[in-house]
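Submitted below is the structure of interest, expressed as structure tokens.
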Amino acid sequence: MQHCPSTVPTRIKPATLLFLLGLLTLICASFYSLALQWSELFTADAARSSIEFLRGFAAPELAWPFLIKVAQGTLETLSMSALGTGIASICGLTLALPASGRFGPAARLAMRLILNILRSIPELIWALILLIAAGLGPFAGTLALAVHTTGVLGRLFADALENMPPAPEVILRINGAKPMAAFFYAALPQILPQLMSYTLYRWENNIRAAAILGIIGAGGLGQMLKYHLSLFQMQQAASVIIAMLVLISLVDGTSFWLRRRLTSQ
Amino acid sequence: MSFVLSGLSVRHASVVRNNSLALIDINLSIKQGEQIALIGPSGAGKTTLLHALACAHQPEPGGKFSVFGLQPWAMQPAARHALRGRLFLAPQTPPLPPRQRVVTAVLAGCLPQWGFWHAIISLIKPREPEVAYAALARFNLQDKLYARVDRLSGGERQRCGMARLLVSQADALLVDEPLSALDPTLALQTLAVVQLEAASRNATLVCSLHQVELALSHFPRIVGLSDGRIVFDAPRNEVSETMLAALYRNTPPTQHPESIDPEDTCRPGPSPC
Amino acid sequence: MSIVVNTAVSRYPDPAWRGRITASLIALIVLWPLLIASEFKPWILLDAQSLGATRHFLASFFPPAHSKDFLVLLMQDTWQTIAIATAGLTLALLSAIPLTLLATESLSISRLESGRMRLASAVVRQVVRWLLVLLRSVPELVWALLLVRILGLGPTAGVLAIALTYSGMLGKVYAEILESSEAHATQSLLKNGSGRLAALFYGALPASASELVSYTTFRWECAIRGSVVMGFVGAGGIGQRMDESMKMLAGGEVSTMLIVFVLLVACADLISTFLRKRLG
């Protein structure tokens, strides 16, 4: 290299080297212990069966009655994701208040622990647990999305609250405003754009999650996919997958447009 | 009496500065309706004194501090907070959320008087926009009523903070450097509005100023502060050139006001160049 | 956005009020079908029968299962889950890097020469982008469902599913990070005749290493959650065990597994914080 860039080449520290070695070991151990069946993947036989499998998808089912069912499933999935995200944004903001240390350090620690637990358990497992309380159907899925997303958003919101400039709120409190009023007049307007953009990001995530929640019986497109795949009705399954893709890209587009509008103003 | 301070000391708010004293042995009594200018070099403790008067900093034990005949630091927190509603502190650069609308930012001055739901409803649709309009009109800002705060210039923002002072119903106005972002003409007008308002509702006005001439020409009583101590406390006709020279001994009095951090109360260094 | 208020008007109408009312009305109109479609009936949670079932199930959470046999099995499953996530993410990385190189505009050589990209490379770039979109738009569980049909039950389907989805995600985000990083160093390297790989390693990479690594660890954490979920369609690991325990309503086993999840994600968090401190 004759033209060295201005960045100084970093010397590798022993700790970094150790970490890289550990990472390499983890990767090797993963591949070794899983005993992946590559051979089955790359034989002529496997190729033939995959092609046959894929050919089964050809000509997705387009009959009107089926399309209407798909549209219903799409609406169900969309509602699950939107409502789940909406509920989570409200609950997340409520829980972010204690999690940002507004009610003392003990409450902050306890609430952060709770948020971490909500966040660590995937939506699908929340849905499994909630199926017992809410019964089969999209409502359990909505709740599951809301619970998991509350954990994610609560933590992000709490961080946003902790990192914003405190002065506007402090001065209102000094001048005698009550804590809640000062929060709504000074803290919330400062972080609101950030909160909305986090929420929209999560919505993009949740539309994907909502699409698959049905696989364990929580309604929507996932349930249809599981049903038709288990009956080997590949053409119907293909339509459902296409509907998923369209829905996901529509939500992605809407969210992108909304986020750009939020930041440009 | 609106304020009585005797033997009062206050520590620096931040721990970074070795927790040293920002104000030492302050004796000051201010009658209701009096108008006082606080002058002194930067770092003298003017901001800290205003914060102490606003019950924002708890003073060191030992001194006496009373507001409207009450002793705030001996009261229950809720009662003390209610007392804060009768005091209004206007900081040098009004910290306003950038995306808030001017009308909301101004009406926030009414929050101590408003109930919670009234405040929330006003966020959705401003209640009493005419109050905010009237306050802004006195600073020639009425056409910014529904503009967003981040569209205002520095001087407009400062006057927006003053408009918040006008809508508050406080009995004592504590104003920190109200003119730092304003040109001389606007500075005169703004100061006149604030003084007139204080006089018309018989509110006490304590105003820290960098412009010594303005302080001398507009305020009947001048308090000189240096190194956390009161150097003099006199009617304006008794303030002499020598007293002023002694007050600003370490720093040139023509220091640029914009370069001063409102929270910065450390000792002045050598003159900036 | 200065709004001139007519001084003659005694009331000062809020110019945003009509917009707010309209937006709220539209939101309400949209909300209604959403509530219907998702069968939003919170009161069924308070129904005596479902409350009883919930209480019964939650009561069986305590104490968490801790027999030695179960713990050993759980350890194996946990390792398998981590291994599926790690192997899948490694494969995703291996395929995402070449795709990123193709998709990143600031690494284009042809654009440098004429100010515009050559038609062929523009086409390739667009095709790669669409491929990335397709890969990441299909949720990993759907990939897994399909792959299980081809490859049979077992971890291979899980690894491939993660590899496919995450190569799309990593490719897109890597390209975004590299493009938003300072283009100057990269451009000057390319102008001086260095190859694309050299430009990447000496120009764009050092500038955005921290962001790239922190995004990758974040995705690793997501991949762990994803590989748990894929157990439900028969790709092995802790998810499969969870499915079985749930079907038997063995609350104690479920609660042990929930604790393992929380610990796993906390570990991933710790590693990510450690890395960010090291690189930041």
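In order of appearance the chains are A, B and C, and numbering begins at 1 in each one.
The working rule: a residue touches a chain if its C-beta (ideal position, glycine included) is under 8 Å from a C-beta of that chain, and two chains touch if they have at least 3 such contacts.
The model shown is predicted, which means the values in this text are computed figures rather than measured ones.
**Q** Tell me, please, which chain's centre (mean of its C-alpha atoms) is farthest from the centre of subunit C?
**A** When every chain centre is compared against subunit C, the largest gap points to B.
**Q** B-C or A-B: which has the larger count of contacting C-beta pairs?
**A** A-B
**Q** Just give me the whole-number Å value for how far the CA centre of subunit A lies from that of subunit C.
**A** 7
**Q** Let me have the rounded angstrom distance from the C-alpha centre of subunit B over to the C-alpha centre of subunit C, please.
**A** Subunit B and subunit C have C-alpha centres separated by 50 Å.
**Q** Roughly how far is subunit A from subunit B, going centre to centre by Cα mean, in whole Å?
**A** 48
**Q** Could you please specify the touching residues of subunit B with respect to subunit A in the complex?
**A** Residues 51, 54-56, 81-89, 91, 94-100, 104, 108-109, 111-112, 114, 116, 119-120, 123, 168, 170 of subunit B touch subunit A in their complex.
**Q** Could you please specify the touching residues of subunit A with respect to subunit B in the complex?
**A** Touch residues, subunit A against subunit B: 165, 167-168, 170-178, 180-182, 184-186, 189-190, 192-193.
**Q** Quick one: which bits of subunit C touch subunit B in the complex? Just the residue numbers, please.
**A** 1-5, 7, 10-12, 14-17, 20
**Q** Considering the complex alone, what residue numbers of subunit C touch subunit A?
**A** Listed in rising order, the residues of subunit C that touch subunit A are 33-41, 44-45, 50-51, 53-54, 57, 79-80, 82-84, 86-87, 90, 133-134, 137-139, 141-142, 145-146, 149-152, 154-156, 159-160, 185, 188-189, 192, 194, 198, 202-203, 206-207, 225-226, 228-229, 232-233, 242-243, 246, 254, 258, 261-262, 264-266, 269, 278.
**Q** Using the touch definition up top, name the residues of subunit B that touch subunit C in the complex.
**A** Residue list for subunit B touching subunit C: 101, 103, 124-126, 129-130, 133, 142-148, 151.
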